[in-house]
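Dropping the structures in below, format is structure tokens.
Next come two complexes built around subunit A: one with subunit B, the other with subunit C.
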Partner chain A sequence: MSTDSSSLWNKIKSWPLLLPVVALILVMALNILHDVAVGANPLSFFTITLNQTTSGGTILYGRIIDILNRGSEVAILALGMTLVVSSSAGTDISVGSVMSLSASFCCMLLAGFGVTSTNELRVPLIVGVLAAFAMGTLCGCFNGTLVAYFGIQPMVATLILFSAARAIGLLVCNNMIVYIRNATFGAFGAFTGPLPTPIIIAAICIAIVAVVLRKTSLGMYIQSVGINSKASRIAGLNSKRIIFLTYVICGFFAGVAGLVNSSRITSADSNNIGLYYEMDAILAVALGGNSLGGGKFNLAGSIIGAYTIQAITTTLYALGVSTDQAPVYKAIIVVIIVAIQAPPVRAFFRKRANAKAFGKEAAKA
Partner chain B sequence: MKRFLILVVTAVLLCGCSDSKEAGKDKAPEKELITVGFSQVGSESDWRMASTTSVRSAFEDGDKYNLIYDDAQQKQENQIKAIRKFIDQDVDYILLDPITESGWDSALQEARDSGIPVIVCDRRVAVADNDLYTAWIGSDFELEGKRACEWLKRFFEAQGYTEAVNIVHIQGTLGASAQIGRSAALEAAVRENPTWRLLDQQTGEFTQARGREVMEDMLKHFGDRLNLVFCENDNEAYGAIEAIRAAGRKTGTDIGNGEIMIVSFDSTRKGLEYTLDGTIALNTECSPLYGPRLTELVDALERGEKLSKETFVEEGQFSIYPEVSSTFIDGKNYEVMHLTQEVIDERAY
Partner chain C sequence: MEDNVVLTARGISMTFPGVKALENVDFTLRKGEIHALMGENGAGKSTLIKCLTGINDFEAGEIHIEGVDEPVKNHSTRDAQNVGISTVYQEVNLCPNLSVAENLFIGREPLTKLKTVDRKSYNVKSQKIMDDLGISVDVTQNLENYSLAIQQMVAIARAVDMECKVLILDEPTSSLDDEEVEKLFKLMRMLKEKGVGIIFVTHFLEQVYAVCDRITVLRNGALVGEYPIADLPRVKLVAAMMGKDLDDLAAIKGETKDLSHEPLEISAKGLAHIGTVKPFDLEIHKGEVIGIGGLLGSGRSELARSIYGADRANTGSLKVKDKDVQIHQPIDAMNLGMGMLPDDRKAEGIIEDLTVRENIILALQAKTGMFKKLSRQKQNEIADRYIDLLSIKTPSPDTLVKQLSGGNQQKVILARWLATSPDFLILDEPTRGIDIGTKTEIQKLIVELAGQGKSIMFISSEIMEMVRTCNRMVIMRDREKVGEIGGDITEQKIMHAIAGGEGE
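Moving on to the complex of A and B:
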């Protein structure tokens, strides 16, 4: 019996997602503490109810739903970012700007160039949607070419679109915010049945990547290129093409996230769509216990990381922290989460645990 | 080929000489274009776009003005760059709509050292030496806020509503002049009216997306208690309206029976459409149409006149609820316009 439980404990201890999950639980637990302290229902943060909207629909309503809903874009971005980090030991800092460009391009096509506000779509919705995906993919190809075939450092290569894509987006929209007041376009940011559509889109993206990684050897290839691209090439992998591919995937998901984000506000707000999202996406990868030095990756960790970031933000709202102070608390929480995952800190705890175990053994003897 | 080039160059030089001589003889400064550099915040809202259009069309006269427009895309460093660029281009005047109030001393000092007058519009600048800019033109944000609060007070009096008013306040981008002025007015009004309670203040950063997020959280936090939302611009109000509808609450003025009353600012077209159907109870205008006034100021400076340091643009206030027809603030009477479709159609933006 005791060996069983200890082996389970060992299994949990060696579970790669342990720390990301613990971090997420700790953030959530803050809310229970707060609710208990103010005398509210301790589980009110976690309560999900079916709510009647004014227009007669029934939707899921609660803070957990908010976290899942608002965290969708970062979760989608984190998918591509994880692969990029793994294959090239660098980050794609252009994703936020590419989101904005994709959204602008999509809205420009739907509204027509130079039109600032429209209720009717100029072209079928699917054209706009595919255009957003295509624009994201194109940006991914650009980044991928620079990194994989020109050997430019990822941060430098993606810096180009980081600064340029948002400006191109503004240009595409004739320097204005394009409003598309059309329910079909707004559907990607609204509700499908009782569920917020962004959650569904994020789930589909996650499922696709998970299936592709499981059914093909792409995941293994990416990791092996990330660990040692030269050795992988000698072993017969086209390292450059694999690195290129990860950037294309990352760009594609930036296009998806851009579409979702602009659909939420039914407009292409080039200046604000995806602003600082690249930082959140990178942070999500790091919070997920992935090394930014490339190589082995854990996709589930990144996704948990993405929702952890959103959970922190929503928790700070729930605790009533004013928005001007929120970044400070967010930074403190992030520092703690990253610190407990840092190798020296983990080594320290492992050493202490070993010493304890040794002490017990010695006492027994 | 070489000889031809030399010929061309000489010809050009000669032409140049004769041109400048002629210009010198004529002494006709009115034929010279007035070059004006305009550094705009960005294009984040309908309102901003209307202001850009207003300035651009006011300076459209190609025989008189040459407007160099620069979109700072919401970044102050872009605006500082733009000012330096304008100085290098040796423009005659700089128009600046500053993103934030602080951090302008060195850039404006450079402009002054180059002898270029700077006219600040819309938002203000906070500099140690006020002589760094020539004049400021824009809205009196605190007055806008006061007019909104005064309207609310009179509205509740007219309705005979004496219960508690539980207010949540969605602020603009913290540090922006509009946020500072409007927030100050609301905070003062809350202190003066014992039944008003300010439940929470959060920034919606003047955007629809953040306005919605903030409102969603406030609705969950305060539930049925919440009965008035004070949004500091229309975009935030759009987001708040979405959140309120998703939560199954009603918008309107009957706050005693669970409706949530929305107060907004700016009076953009979409904002006024929401005001026309009563979703937004009161919309206080913040006029972006200061282009014509700017040309007046530039012309006055051309004539060598001295400008007053501050010029306010006139602004309206719109509602479909007839209870309050005017507000009275600091000894002045302000009309509240009854909103109709015609009023919206007649507006320039």
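Moving on to the complex of A and C:
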């Protein structure tokens, strides 16, 4: 019997999603504690209600819905970031800026160059949407070329667009915030039926990546290249092309995230769209239990990581932490979570567990 | 503890998930003795060594070292060094992007008066160490610029240069040629004179009988016994290791057939890769096993690599099955029906963190293409087939390949290439680190593949292995093809040609 329970325990210990799930549960527990402390319904965190909107529709409402909704962009970014980290042992720090550039480019096309505010779309909506995706993809190609074919360090290579893309976005928008006051454009950041549309978009993106990884051998290729690119080349993989591809995918998703983010505020605010999102995306990957040293990846972990970050943010606001101070608390929580999975800390706990087991056996003898 | 004993291990047990790697193993090392640790792939040799040096946390047993009263429990390699154990591990674990000198002195750099690293003095010292060993290298060059054999010598030089009571060598000779092996033996005998106890792991039986005083045999993680060398002649040693008899010296090649009328599989004209191999012409027929002989650094691997596109040829032309072809990178060669098992298992072979199954199917999957993913069932079928065929010792196909013993990792990569069923297969040191039982099996397999009409290029630092399997030999010297030997191949002929006599 004891072996049974210990093998279950071992299984749990080696479960790859352990860390992100524990982190998420911790955040939830914090919420419940807070609710109890202030005398609110302890389960209010999980409560989801149907509310009437002023325009007569019904929408889902609740803290979980809010987290899923606001976490969409980071979740979408985390998809691409996971692959980039895996293949190249580096991060794409340009995704936030690329989001902004994609949004600016899209809005500029929809409004026309130099127009700050419009109700009418100058070109069909689909053109703007595809333009956002294309701009993201193009940026991905640029990053991918530098990293894969020129062998530049990922951090340095993506630093270029990190600083340039936002500025180019401003140029494209003629240094203004472009407002698109048109419901069709705002749809990506609004509701579809009772559900926030960003949740649906994120779900579609996740599903696409999951299917591609399942149906093709891309996942194995990426990990193989990330673990040992020389050996992968000898075994017939085009290591450079695979690394390039991951950056293109990452760029594409930055474009998608940019569109969603700009649709939420129905404008292209170059200076603010996607600001610091690269940090959250990278963090999501790390929280998901992925090594930033590349190689094996765990997509589900990154996705849970992304929503955990959003949950932390939302919780802090719910606890009444001000917007300026939130990053401090966020940093503390992140340090703790990341430290738990650091190899020396893990080794320490393993050694202690071993020593205990040893002690028990010795006592028996 | 007996007087002349430097190290004893008693009742060592160690378990990995799914594998009992060591069970109640005893080991005793005396002063001034060279002690062979023998066993098949996965018998637990490296595991025992890692228990001694503090890499593995064994669960039961005690280790005693001369001069220390308490049982020693090392927690890191540094601890082990402090009690006088110096080790060369099976996989070279130096830093490829540091210079040779830096690799020799890392962690114990000589300091100047200002407590900064004294670069000049350690470059000079390093050069002297390597010169004394008779290895010609420029110690300021990065280690990665040198062949695996040189890297192995650097690892040995580093270990030997430290003051130690116990020197552990885990398959140090796996990529060395006879000449380097001799240098190493000289060194070992010298240390033995000084009273150092040496543990020596190898799969080359001749080497055991050349230098060792005593043999300890492990089988499946258990101790078989400890024997003075005189009590355990070759046949008995093999039987002790395998638990059954084996005639590993029986002929495996049938009659030497004349294959020159068979269609050409490969024909290279003036092929070269600047800096590694000079222009060469080479024709390989269907069904031929062609060996490449030459000293270390003579360009054996480089010749093969330039055909396969691992190093893209700069000049010359290549025909495959009588068609002109351009090979830009390995996948092009693979699509033409080639395969290449590289000599450096760690750097260019295994994908550590992937499973045994994934490692086996990788090349086949790369060849079939990203969008035609092999079904899980197909993958398992292939993996199971080769695990069985090459008797790969693994708890399951889903075990990470890095958890296998060195020899079993080698078998996994061999399986990877067999799975692609190439028409022309380049095997660069395919039996490195593989035990004698399986070695014979692999040689048989090569001859069998040739019988099915496949062409094989076989590179080995063990000349006898090539003598037993090859129809024809190419001789390399100074990065240049200098001749061929056909017909009746003998060791003498090859040695003569390599040493600088006329090839033919």
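Note that the second predicted complex is superposed on the first by the 351 of 365 C-alpha atoms of A that agree within 3 Å, B and C clash if a C-alpha of one lies under 4 Å from a C-alpha of the other, contacts with A are read in each partner's own complex, and residues count from 1 in each chain.
Here, a contact is a pair of C-beta atoms (placed from the backbone, for glycine too) under 8 Å apart; a residue touches a chain by one contact, two chains touch by 3 or more.
Note that the structure is predicted; figures quoted are calculated from it, not measured.
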Partners on subunit A (subunit B, subunit C) - clash or fit: fit
First, second, both or neither for A:R122, with subunit B first and subunit C second: neither
Angular separation of subunit B and subunit C about subunit A, which is computed from CA centres of the superposed model and rounded to the nearest 10 °: 140
Partner chain(s) touched by A:N51 [first = subunit B, second = subunit C, both, neither]: first
Partner chain in contact with A:H34 - subunit B first, subunit C second, else both or neither: neither
More subunit A residues in contact - subunit B or subunit C: B
Subunit B versus subunit C as contact partner of A:L218, first or second or both or neither: second
Subunit B versus subunit C as contact partner of A:K330, first or second or both or neither: neither
Minimal inter-chain CA distance - subunit C and subunit B, angstrom: 38
Footprint overlap on subunit A, where subunit B in one structure and subunit C in the other make contact: none
Touching residues on subunit A, where the partner in the complex is subunit B: 51-55, 59, 61-63, 66, 70, 116-117, 166-167, 170, 175-177, 179, 191, 261, 264-265, 267, 269-272, 314, 317-318, 320, 322-324
Sites on subunit C touched by subunit A in the complex: 57, 59, 310, 329-331, 334, 340, 342, 347-354, 358, 362-363, 365-367, 370-371, 373-374, 416
Residues of subunit B touching subunit A in the complex: 42-46, 49, 52, 71, 73-74, 174, 200-203, 205, 207-209, 212-214, 216-217, 220-221, 239, 244-250, 269-270
Sites on subunit A touched by subunit C in the complex: 215-218, 220-221, 223-224, 227-228, 230-238, 295-296, 351, 354, 358
